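So, here's a batch of structures to check.
Both of the next two complexes hold chain A, though its partner changes from chain B to chain C.
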Partner chain A sequence: MRTRLRKWSLLLGAAAVLALPLTAWAQLSTFDLEKALNAESHVGNLTGHAKDAAAPYRRYCVGCHGTLGDGEGENAAWMEAPLYQKPRNFQLGVFKCRSTPTGTLPADQDLYDAITRGFDRSNMPQWNTLTKQERTDLVAWVKHFSPRFATEKPGTPITIPPEPEVTAERIKAGRDVFARVQCWKCHGVQGMANGPSASTLTDDLGRPIAPFNFTDGTRPKCGDTDQDIYRIFMTGLDGTPMPSFADNIKPEEAWDLVFYLRTFMSQKSKEKELAKQLALKPVDPNAPVGQQ
Partner chain B sequence: MRVSSRFHLRNIFQFATSFAAVALVLASVVLTCSPPANALPAFARKYGLRCSACHESWPMLNYFGQKFKDNGYQLMNDRDAPIWQNPGYWPVVFRITPIWHRVSVGKVQVDTYTNGAPDGGQAVQRVSSSGFDLSGLDFHTGGTLEKNISFYLLPSSDPTGAFHFEQVFVRFDNIFHSSWFNFKLGRFELDNLLSEKRILTLTGNGGVYQTYHFIPVGDGNIFGQIGDNQLGIEYLGHSADDRTRISASLVSSSDGNVNLSTTANAYTGFFTGSQAFDLGRMGVQRIGFYAMAGQASTYYLTQGGVPLGGSGIGNRSFSREGFVGQFYFGPHVGLTVVTQHGSDNVWFGQGYGNAEATDGNGGTTATCSSPTPGCPLNNVPGTTLASGAQAPSWNGVTFEGHYIYSPQLIFISRYEAERMSQQANGDVCGGATCPTNLGNISTYTIGFRYNPFMTSRAGLAWHNEYNWLHQDGTGPANLVTGALTNINTSEILLGLDFDF
Partner chain C sequence: MRKRYNSAAVLSAVVVLACCGALILNQNVSAAGEGKITGTVKLDGAAPHMKGIDMSKDPYCSKAHATDPAHLETYVVGASGGLENAVLYISDWSGSALASTAVPVFDQKNCMYTPHVLAMDVGQTFKVTTSDATAHNIHPLPNPMTNVGWNQSQPPGAPPIEKSWKKPEMIPVQCNIHPWMHGWFVVVNGPYATTDSNGSYTINNVPPGSYTVTAWQEQSGTQTQKVTVAAGASATADFTFKAK
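So, the complex of A and B:
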């Protein structure tokens, strides 16, 4: 009797040990692999396939962006403004950093760049340790969450004219643009994110959001080259209060504005030197329009 | 009496196996019913990333985790400084592993008895032990003190609770705003791409890399073990995406022992370089090299015949060098290869070098007065080398393969071979020429780790492992012929490896 009990208990024990890996299989099956797995992306000469990104997404992304790509991963609850922003809800198909006009879908390259560059002042790190192919696959995976990508084409990337040379006149002109389009209302007259509207800003989902502080040494979220900053004026940051100024300012004015904003930044630059020589004063919101 | 005792043991064995089986069934049920993966401990808590973001399988780093570490435990997202953290956040993790294991040592010399009393004779037999046990306890704490200034502190205990400082360092990163200028000072793991401190296996012989610790039979150089944490300063430089990495360390030749008690006044350099390549769907492949070149004392001043701590001179040289390759064959299969060529000065080969017996964790367990039998040798003036003594050298290789089924389940296999190239001879083999294979090691380890859940708060792995090790010529001498014998040991281990 005792021998039989021992034999059975040993068999059960062995079966239990062998069965443990099967639980991993069972858990995998809870991950949604069925949705739009044919989605593709094209970055350079690489083609990404959504189905190949399921495992990397689960490994790297799902904790914040959630199984369904709705930005409701288990960590989302701990990401609160003003220090952090909620993870992106991919289902909405709305993205801040684009090369395409406001209201349009981003190009695959935009999503690829976002994954590669990450976002400062957020929990989204630079994923440049992944292979280019993995990142391209992840772009396809991100796209598969939103029905917009199935029904709409991405916008046509805007054209960025060649960057002109920085001059004192351009910086002064940039100051005028800064006053005219009222950047100071959110970003403050010295770019310190303390404009009169700053504390009232919310994103499209009604969540508090802070304007960019040009003076604290951090990098703009969508890239820190002059071209990146120019692009932000012209495309806007969809989903946020930062609009596109493509209809309000001319390309040369946008470059002027880039140069003026550089004077706020803590990094050494030719713009800062010129502004110092000019003894430029911050815009005066209380002065009559045109004399600010 | 002997018969009833054996019968009693059998009952205990039957009870134990039944108990273990029931426990396993219960564990299986609990683990099967656990929720799907979440994941993250101390750093994960800080950044809100799953464990799997940085770990191929905890604690082994993936490329992203390696970059995070190389950046000084920073994501470089302008939120790394502690000022951005909730004031209540304290970056502490503890790790301990309750286990059941069975260790079997092939040849052990034991006393023989006649009529219940020792008869003065000896026999050689296999000794197997099994039972429930505990690992040591690690308290990991680390993070940033300020942007680009970070620390790591790891008080670690053995299973009895005796603590030492396994790792302590402060590091300065991105000096001149460049990822190529990073320094750390303290006690740290050398920049081994295949990290022993992040090893996935836990058995006595399989829980370390033999290639990192190989010492020829009779050799007194304990200072060339690249797997041990060392005291010193390290420079590290890496590209922004961490594809290119270089490092150079200057460490005391003390094998990480504190208080300048062992071979003071001698230093060792450790240099690494590696380059990773993007091979598309195959993954990121990395190849690199390492080289250790150093000197360590073989001569200590004595007081009353006892070596004086910190008085080491008479430095002799040693070196370790090799290649490392980290290869991926798609998202699931990985293979890491480490080679080593090692050589010690002839004095080390004859047992000179370590004048103190250490516990391997930076502490001293005994101070010997050479030439008391069993105590380390001291190269005092006038000492001459035994006839035929020569500098020992050897070659080693480690192959470690992984099958990563998912971030929660990894299968591990490892094979290591250490082969003597030139024996020390001299006194090591009693004046005779040593067998060419004396001290050679072959070992393999297989196992799997299953994480039933992963959260940002804790980690738990159901760990199963088997290790087998063979070493030539280090078993008890044949009682009749006196010939050296080989020894085989094996261990099976099941445990719950957890951290919080």
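So, the complex of A and C:
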């Protein structure tokens, strides 16, 4: 009799423990997670399926991003701002690195590139050791966490005109753009992340965050090709203080600004050479508007 | 042949319905039968001290306030305790969206938001402008599960930004370049009003009926009152908040 009772209570206990994760999932009931598991992604000619990424996610990602994709994995507690940003909360559907305008969802290719590239100065490594199919499946898995992907379409990627030849004139013009839209307010007049507003920046969740330092040899988080840098300031990094300048910088001027930003970077470049020949001075933050 | 009769019947029914509908709609749109809700919002007790703002990090901003120092605007209290920047709206509004063509404007002036609180209807277009010769970024922070946020720059001389919001929400807005700049987009369903410097308000274009009026203040939260608006008449709802 007693053993039977114990058996029952054991079974009940086991059932309760098994039901626990269900209650956690129920909290996310604003949308149908089961249905969301049918999420797909399209990268090049590959189609990714969220269902196929459950195992790789558990193996490679869950430690930081958590079982619910909320960025509260067991390692998250050790990542401290502003040096290291917390893992992304996929449920919010807000992403830094996009080819799409501010306030829109990223394209599948953007999420794929983020997984492949990793994030410099963060705990997110490059996952280019996974196969292309695995990475494409993971894109679908990342999307399934946010109800936004179920109801909204990604934004239309911005158009980047072909890159012109680097010239001294373009670098000087880029310096004027840098002064006019006041990048230096956060990034500093020499791109050293020491502008007057640098120390008070916070991300959308109120955590301290530092502007990019162009001079310390690290790479921009959303990629370091000229196209990547163009994209960063024309789409903004959503979730961070970095706004979109799409309304205030024309495509031609945007290339000039890319070339000027290259002159700050420690890596050797044609831009750096030309800037040296021009003996360019940093912009004057106290000069009246339009008089550099 | 029978089919044709049927379609003719359906067609005439649609025409009759459309006419009636137009009549009813017309009544709703015309101001003749509409009433309004008026009142004041006051703060109980002494006005809380509002901290001064140190704008020395941006000389343009501090110069603009050289003779008129800037203060936080969490509570802006008028002479007789009237509370400015409270938003009043009908929280059980079940009518259609407002057909208002007004475009509320949110200006950045002397490194402050004018007004500090901008109320608008769901789907109503509003404008963000800059009067400053220093760069700002407009960064509304809605709950990502409710509305979709964005972050755009406005350097000196930048053109206005036109936007709208899809769902009702009290959305904080900030400038990351000037961390003291903090304001609100208050997005509601149906008619609304914002209190003036005396704490007075008038919600216009309210069709006759019984409503719940809600008063919202950024720090003190919300209060509600039931009112009944008679055709062409004015109902009153006064509110008193405690400072928090």
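By definition in this document, the second predicted complex is superposed on the first by the 256 of 292 C-alpha atoms of A that agree within 3 Å, B and C clash if a C-alpha of one lies under 4 Å from a C-alpha of the other, contacts with A are read in each partner's own complex, and residues count from 1 in each chain.
Here is the rule we use: a residue touches a chain if its C-beta (ideal position, glycine included) is under 8 Å from a C-beta of that chain, and two chains touch if they have at least 3 such contacts.
All values reported here derive from a predicted model rather than from experimental measurement.
Peer 1: Does chain B (first) or chain C (second) touch A:238, or do both, or does neither?
Peer 2: In the superposed model, A:238 contacts chain C only, not chain B.
Peer 1: Return first, second, both or neither, reflecting whether A:123 touches chain B, chain C, both chains, or no partner chain.
Peer 2: Only chain B is touched by A:123; chain C is not.
Peer 1: Please indicate which partner A:286 is in contact with in the superposed arrangement: first for chain B, second for chain C, both, or neither.
Peer 2: Only chain C; A:286 stays clear of chain B.
Peer 1: Just checking: does A:55 make contact with chain B only, chain C only, both, or neither of them? Give me first, second, both or neither.
Peer 2: In the superposition, A:55 contacts chain B only.
Peer 1: Chain A residues in contact: does chain B have more, or chain C?
Peer 2: So, of the two partners, B touches more residues of chain A.
Peer 1: Please indicate which partner A:64 is in contact with in the superposed arrangement: first for chain B, second for chain C, both, or neither.
Peer 2: first
Peer 1: Starting from the residues of chain A touching chain B, keep only those that also touch chain C in the other complex, and list them.
Peer 2: 30
Peer 1: Within the complex, which stretch of chain B touches chain A?
Peer 2: 14, 17-18, 20-22, 24-25, 27-28, 31-32, 34, 36-40, 47-50, 52-53, 62-64, 66-68, 75-79, 84, 240-242, 278-281, 283-284, 331, 405-409, 448, 450, 452, 455-456, 462, 464, 494
Peer 1: Can you check the complex and tell me which residues of chain A touch chain C?
Peer 2: Going by the criterion above, the answer is residues 30, 92-94, 102-104, 147-148, 152, 180-182, 185-186, 196-197, 200-202, 204, 236, 238, 240-248, 286, 288-289.
Peer 1: Would you mind writing out the residues of chain C in touch with chain A in their complex?
Peer 2: The touching residues are 57-59, 133-135, 137-139, 141, 144-145, 148-159, 161, 176-179.
Peer 1: Give the list of chain A residues in touch with chain B in this complex.
Peer 2: Listed in rising order, the residues are 2, 5-6, 9-10, 12-13, 16-17, 19-24, 26-28, 30-31, 46, 52, 55-56, 58-60, 62-64, 74-75, 78-79, 83-84, 118-133, 218-219.
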